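Take a look at the structures listed below.
What follows is a pair of complexes built around chain A, which joins chain B in one and chain C in the other.
On to the complex of A and B.
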């Protein structure tokens, strides 16, 4: 730490610290408090702002436990999240490696733009793109039938497959950027040293680069998993009636039956899963930055 | 030697395929935005501007586009003010537990945005506010602030603190150091964060889902509702507008600060 100045070892609070106040207040009112309200309403019999006598209840959670629909939906959400994560890792790793190792500055800039441009395109737009590609009269089926390779359209959409393909497309950039940062931090001379001792590039990669990039794989996977299990638009439009994820059930409770308390209870379930992921993600990243501090 | 060449070819081929997977869908949108058939049909049979004409003539799309732009503008201003000051406090304030504070402010990036929307919706509903536009802006700002904090922190981490100390030792007051040294130095990071805030708000779906009022919806919501029933070129045209915007954003950020500095996730 280059703590130049007064010669004190303890980090001094400076007046600049007060600049945290606006953000702190904003997040308290519009982020922390709402989540608290959501959790509170999920264990109350009604809304205390509208009804004078409300009491605590576990009925929303009992309803969740009683009906296997909610457990199945959670399982299907986690399953889609896991498959999406694995696929983004497999597709994202080569690009991340290239991005981290490319020597030309212009090449790096172009590659980075190619990764970020889809990321900055809205999810609704990207889901629409995949609908036009995977639909019965979409790009793939029209091409296959035009070439006479298939006689009927393949069922590419309105199922778990279509949902996952679109989700993978949406989250690959997040994986690439996380991995590229970590791979870029690995000293290239380590690989060169192993290769000068006679190892093939593949072996150098498998025995040096891959193990050293494991924290990146962990961080990227946790990030993508957390994002994928909260997706709403893509499973809704690409899944047809075949895919029912937790976020879809949550919105349905509000839109169809206006049972906001039960929606909140389902929300708490999703929130608990997410918070575990966030904590794990921060741990992995924390260990990473400490390692960089030591290096 | 042959294995080496083969390996290199495989490496290139895999990367080319993944790039194609990433970019082809965006190109497909452009094809359908220009194809004149009333339904999605491939291969395209010609070029038309009728979908753009329909998009720009539709009051539904135009009203929602206007609302989206207004909400995004408000979000940008708020997120830049709140985010930049928070980043300064984190990097320069000597706050105890700075790592935990940073994690809290970056949490909206990873926590399901649909829950941020639901939770905020329950608060405004409980308080009897209905679905006001300010709640929409507040929700968008919560997910936009992390981007501003991150880009500003990236710039703050890069610049030499001794510049500020030198200014102070030459007799500048802390206020003067802030306005004449620190602020100009962090400006690119704050602007890049503001550009991200714009795109995050403009494309925002899950938070808006709960907070838009009927007949006063943002563009992504209107597009989503349209897509539930109809897939024609109008949506493709609307999508192409959004893609062009994303490209403009990428190029602007690259110009202002360089993409590399801002893309550390």
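On to the complex of A and C.
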């Protein structure tokens, strides 16, 4: 006789569900809940903790729509995110390939350390390091001027160029580590088989390795894009005020203007646009890899 | 020798043990705790090593000092009847924002803080919410090794020869940048709230290297990344005796006042202690110690500084008359439009 036959309705949770539960709880407490509060504040006239008579309003979203500055800032944020992602992919793919295929254990360890080492230093420190390199009196400009190659400092910092360079450096390890795991899982014998049939190494790479590594490209790109569009410290320090991204505007609203409601509206805008882009990107790559289920 | 455990001896022993174990917590619970905000750096070092321990000893209390920005959003997120801080230490612009949100008291008088009777009028003027305990003078810092034309006026900052060598602030997040913008209105327009001429003047200062806080400006000056930068006197004088090629000039039109303001939160449960702390911070001996440590001008008229500091800091009626105070209430009310306008000017 079964359990139901005994009149009990015990529900057994899968062991996998128990394992996922802590992560789910973490996500709920540290993302869903704060985001919910932020989204709620963005449609209220004030902070209900400080003012008892608050009501619903759409004025924070209307303000965004009324001034093109916020959409220009969104465009700038997405542009920096896209360029950073593309640059980290171009720089990171060969390193990831090398890391995945290197035969020597010592070589693998050294390469892995070289990739991970920058991550052991804080983002602020790495950004300051870039400031000493790209500043008017920095290493590059001092050397060029010292050699008489330039008469005035090149504009390497306080602009979008300097911001992107620093972001690429900071996020390359994320791309490399994500790609290396996927490339390492591709059976090398597939490439050997293609080459044994007369394909050149380049063709073998383009027709076998690259398509099979698309899931890694997708995961790495999404990770770097998400990190780059939410970066605050680096654009602030490297961009002066010539670069204005949404996270910078959000920080200004929270820390200097103390308008958490408008900051919440900007945060909602950034998240919604990011989700739309991620879904679109997922669908495109899902089709490319002939795995529609990814989308 | 034998020993017997009766019910009474066991209970007595347990009571003594519990009392011994619990004593420190009981004592701690009895000592009032004052929650404050304060700066980091050398100021924070002296506060934590000397000033706060002396206050704790004198008042038999405990002080918890938060040095992690931003204070106002954190205070706003705490319950009004049990605020995160009892005393808010910030610059004047933030005190006005805090008042607007009902986070601090609107007025503190000599009745609550007796030492207020000895402060210069600027410390409790209509431009101030709370009490100013120190001020810095915002003027121009410059490199002494660049053979610059001597700077006398704020208008000299616009000298075309300084193009690309000027240092300013990201106005949306820095009160020195905001105050300077309003000063441009006074210099080139009808007054500090006449911002159209100020925006035009700001445009003329481009290209200008912009930073978000004064520590960064000190760095730019020390590295020679800028030749002239807007900075408070303490940000330059603190390198006194270190042979750095930088100096400070107070422009002839006056210097902007960068006030260090203390205020009490309305919901504080230890208001008396909070007022006592402000009174303590205004005491001449405490003022002298901190003023000479970080080159801040004391608000108390009775502070006698050592000659080196006396010569440079703003501690006489004649000197404090040169301080220009900003109407932060007006500025905060217009901040959103200023931020948007400035963002376009500086990006374009």
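In the analysis below, the second predicted complex is superposed on the first by the 242 of 295 C-alpha atoms of A that agree within 3 Å, B and C clash if a C-alpha of one lies under 4 Å from a C-alpha of the other, contacts with A are read in each partner's own complex, and residues count from 1 in each chain.
Throughout what follows, contacts are C-beta pairs under 8 Å (C-beta built on N, C-alpha and C of every residue); 3 or more make two chains touch, one makes a residue touch a chain.
What you see is a predicted model, and the numbers here were worked out from it, not measured in a lab.
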| item | value |
| --- | --- |
| Touched partner set for A:38, first chain B, second chain C, both or neither | first |
| Touching partner for A:229 - first (chain B), second (chain C), both, neither | first |
| First, second, both or neither for A:57, with chain B first and chain C second | neither |
| Partner touching more residues of chain A, whether chain B or chain C | B |
| Touching partner for A:256 - first (chain B), second (chain C), both, neither | second |
| Which of chain B and chain C A:158 touches, first, second, both or neither | second |
| Chain B versus chain C as contact partner of A:47, first or second or both or neither | both |
| First, second, both or neither for A:202, with chain B first and chain C second | first |
| First (chain B), second (chain C), both or neither touched by A:135 | both |
| Which of chain B and chain C A:244 touches, first, second, both or neither | second |
| Chain B and chain C footprints on chain A, overlapping residues | 47, 49-50, 135, 137, 237, 251, 254, 260 |
| Residues of chain A that touch chain B when the two form their complex | 2, 4-5, 11-20, 22-24, 26-27, 30-31, 33-35, 37-38, 41, 47, 49-50, 91-92, 94-95, 98, 108-109, 112-118, 120-133, 135, 137-139, 142-143, 146, 169, 172-174, 177-178, 181, 200-202, 223, 226-227, 229-230, 232-233, 237, 247, 250-251, 254, 260, 263-264, 267, 270-271, 274-275, 277-278, 281-282, 286 |
| Parts of chain A lying in touch with chain C, wherever the complex brings them together | 47, 49-51, 67, 69, 135-137, 153, 158, 236-237, 240-244, 251-252, 254-260 |
| Chain B - residues contacting chain A, complex | 3-4, 7, 11, 14-15, 18-19, 21-26, 28-29, 32, 39-43, 81-83, 85-86, 88-90, 92-96, 99, 101, 103-105, 107-108, 110-116, 118-123, 125-128, 138-139, 141-142, 145, 149, 161-162, 165, 174, 199, 202-203, 205-206, 209-210, 220, 223-224, 227-228, 231, 235-236, 238-239, 242-243, 246-247, 249-251, 254, 259-260, 263-265 |
| Interfacial residue positions of chain C with respect to chain A in the complex | 69-70, 72-73, 76-77, 79-80, 97, 101-103, 164, 170-174, 209-212, 223-225, 335-336, 339-340, 342-344, 346-347 |
